[in-house]
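As structure tokens, here come the structures.
In the two assemblies presented below, subunit A is common to both, partnered first by subunit B and then by subunit C.
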Partner chain A sequence: MGAYFSEIFLGLKSLAIGLGITFKEFFKPVVTVPYPYKTLKMSDRYRGHIELIENEDGKPKCVACGMCQRACPSGCISLASKSVEYEVEVKGEMKTKKKKVLTKYDLNFTTCSLCGQCVESCGFGAITFSKDYNLASFRKEDFHFDLLNRLKERNA
Partner chain B sequence: MSLTILNAVVAVVAAIAFAAANAAYLVWAERRGAGRIQRRPGPNVNGPLGLLQPPCDGIKLMTKQLMIPGGADKALFMVAPVLAMAPAIMSFVTIPFSETIVAHSMNVGVLMIFAFASLGGMSILLAGWGSRNKYGVMASVRAVSQNISYEVPMLITVITIVMMAGTMNLKELVAAQAGGIWNWNLIPSLSSPLMPVSFLIFFICSLAETNRAPFDLGEAESELVAGFHTEYGSMGFGLFFMGEYANIVIGASLITILFLGGWDCPLGLFPGVWWFLLKIYMLIFSFIWIRWTFPRTTIYGLLNLSWKILIPISLFNLLLTAGLLKVF
Partner chain C sequence: MSGPIHIRKDETFTLNVGPQHPATHGVLRVKMEMDGEYIVKAETVLGYIHRMHELMGENRTYPQVLPNLSRLDYLGAMGYTHGHVLAIERAAGIEVPERAEYIRAIMVELNRISSHLFWFGAFVMDLGGFTPLMYAIQDREHILDLMEAVTGSRLTYCYFRFGGLYNDVDDDFINATRAVIPMLRKSLKKYDALVTGNIIFRKRLEDIGPISAEMCRKYGATGPVARGAGLDFDVRKNEPYSVYPEFDFDIPVYHECDSLARYKVRMDEMEQSLRIIEQGLDKLPDGPIMPKKKPKLIKPPVGDYYQAVETARGSFGIRIVSDGTKNAYRFKLRSPTYSNMSLFDEACEGMMIMDALAMMGSLDLVIPEIDR
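Right after this comes the complex of A and B.
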């Protein structure tokens, strides 16, 4: 008989404790972010698609060595470059040197698996992960990113 | 004669309007309340604070096609939602909101409300059976066994109160509690020392009678799809929903009338309809609060609670009160 009543009282007590918790929660501020109107800042470790990094002149850091292209298991990076001659002053005299300049850097995001091999393979720290995630689209072409163009738009 | 008919028509229209408005905006309150408890905003896109959500939902439900599944019992399938709504509306007729605001004050008001409340179980049974859906049948069997087992302690508790007041008229029941919080049935008196327990039993039973969480076995979404209204769409579903929320209002009104002194002010000042409304909406808030706090019980736990705890205690209370009424 005692067990019967103690069970009832314990049950009622635990119910009251539960109600107390939800009552407190009721008056706490809302934690939901109303997504399309407000967005959270993505964390530093977020790995989106890749993005070119610029140097001080606003030009891509990339030297067009093609390591990323070779490292990519899905073959979704394609880049092109051209040789440009430029003059440098070395020990008082002018010399002409050649260097490669990036002319095209396309990412086919439809086949990218976001493995990050390209970023790891880059010896010049020229590519990084973007924080973009609003990428839904109905058209395949929207996922062929022209990264040079994106860099230009970012700088504009 | 014509004035009486007009009176009745106005009363019925007012009851339907009150029930429908409550049903619509209690859904909103429920969703907002659930949101607050879970620390999310709830519906907030349509109109300020999401207040236009209920009309939008209503329009959506009304414009949808009413589908009748193949093999269903058409007559029962169509009757069930109406049967869920009609008793709820009927019960409003005899509920006194204040000294003057009552459609028809009856000598057997309590009895009438319970008679119509029992019909609610019938509508669930017909809905589950008529829609020829195994989940529907399972849900309706559960809901009916639940409704029956919770009606017993509820009625025993009501008998206790009726015995004390000596009347079944809801208006007179309230009048017997007039004059402040110390006269309310909630407060234990010499002749009924276990009144708070009765209140608790009645409160639990009215939760179970309205088929709400934690007693929502009739529409256990995680087990039975949507329970007895699995096959209902459009306004059939809408009527079930309105019936459910109208029943919640009736349950809250009954608790207010039987235990909380109806339209009486706690301090005996300015009694009026506002006190009644304040009390029922506080009770409804507690219903919502409970729904979003506790998980669903099992069917055995539910029936054990009724037959092993609520019924013995309410019977003991009935006998005790009967004895003490003789003494004092």
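Right after this comes the complex of A and C.
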């Protein structure tokens, strides 16, 4: 009989302790952010989708070596290049040399797993992570990014 | 406890729990043959989100598999990548700088706490209490913020590399982590008062959902499930790897074998993880985070390699058979939840369905990791 009543008493006491904790929590400051109206700043190392980096002339730093394409586990990077002849002065003489120029850099973000191996493999520091996380759409075509175009738009 | 009242003994019905059910925490289906509210027989049906991670591990080069490992278990991803990099480092003979090893241990333990915190919230929610989930998520958020600042992602980290780390930790991280530890200790005390003492909670778990040590041995259950059954086994102590021998920590073991024992093991483990993190931050040496000499192309010599690590859910093993090329010949993952899950069928026979679901919650299932 005594055990029966002591269990009721201890049970009620445990519930009261719990209610006390939730009651205290009631007066603590709000920790959430009303998302669409207020957003948080992403940390510096946040890994979003990749973005091309430009050089001083506003052209992409990329030399189209294709290392990122090979490093990607999901095969979501595809790039194309053409070779362009250009003249350069070597010891007072004008010589024509060939170099690769990037013509297309597509990222298929639907299969990207944001591992960051493309950025690591790049020996020229030509790609970086964007801080863009507000990505939502009904169409998958919206996630086929033309990074070269994005770079142009950014510079414009 | 009284059994079911039989009107007709042959009258049972089949109940499908899942594949979409909040109590299964993912796409797991349990076919239950019910006699009223009592389970006569249960059969778990797996494979709804099978993604062939093992085959992917054989088709891709070694570094390309790195992001896959964190997709096994989205709550405690760090532990799984740790096992993978340790296995490859052992196979390819890559030396890891000491600083990298310490940071790895700190990160894995932080991840263990965040995983256990989420499990705690979800488990109490399974039993009908919603509020602790909110508190747990709030505390977990601090840990995720810490880890995001270093790794760049919040859940599916791809932070460990063969031989080292993706990037170094800074003083901000160390100071912030030091600040978070006392806060978490305070929270753990709060959870203890709010949940562990709660009479309704205890009545639902005490002496319910027995999983004996024999059953754990039979099915190969590890982690908190085995430790809740009195088996003192933790890979960090029994087969030490990385820098774990340097740390002073205890393995919580409970002998009650019920759902409450497994709950207590996890709550105590969080405290032990905090101790490891504290020691790791104190001992953190200076130096590089990547080795000076590292092969450009990872091609482990022909052989069979195995590495086990203790993740938040139990012992995770990875076996790599190399044929000397840049792809693995065999890439076998031994996931802890798969073994922990398989004992559910036997353990839940004759239980009431609500008790069985409480027991399922105490197993801490993460379905993507079962299905891989």
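FYI, the second predicted complex is superposed on the first by the 123 of 156 C-alpha atoms of A that agree within 3 Å, B and C clash if a C-alpha of one lies under 4 Å from a C-alpha of the other, contacts with A are read in each partner's own complex, and residues count from 1 in each chain.
The definition used in the following text is that a residue touches a chain if its C-beta (ideal position, glycine included) is under 8 Å from a C-beta of that chain, and two chains touch if they have at least 3 such contacts.
This is a predicted model, so every value here is computed, not measured.
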First (subunit B), second (subunit C), both or neither touched by A:Gln69: neither
First (subunit B), second (subunit C), both or neither touched by A:Ser78: neither
Which superposed partner A:Val31 touches (first subunit B, second subunit C, both, neither): both
Partner with the higher number of touched subunit A residues, subunit C or subunit B: C
First, second, both or neither for A:Gly116, with subunit B first and subunit C second: second
Contacts of A:Gly18 with subunit B and subunit C, given as first, second, both or neither: both
First (subunit B), second (subunit C), both or neither touched by A:Thr128: neither
Partner chain in contact with A:Asn108 - subunit B first, subunit C second, else both or neither: neither
Which of subunit B and subunit C A:Leu10 touches, first, second, both or neither: second
Subunit B/subunit C common contact set on subunit A: 15, 18, 21-22, 25, 31
Complex contacts: residues of subunit A adjacent to subunit C: 7, 10-12, 14-15, 17-18, 21-22, 25, 31, 43-47, 71-73, 113-117, 120, 129
Touch list for subunit A against partner subunit B, complex: 8, 15, 18-19, 21-23, 25-32, 34
Touching residues (chain side subunit B, partner subunit A) in the complex: 33, 35-41, 44, 289-290, 292-294, 309
List of subunit C residues in touch with subunit A within their complex: 60, 63-68, 71, 131, 135, 138, 141, 145, 148-153, 156, 158, 166-167, 190, 193-195, 197-200
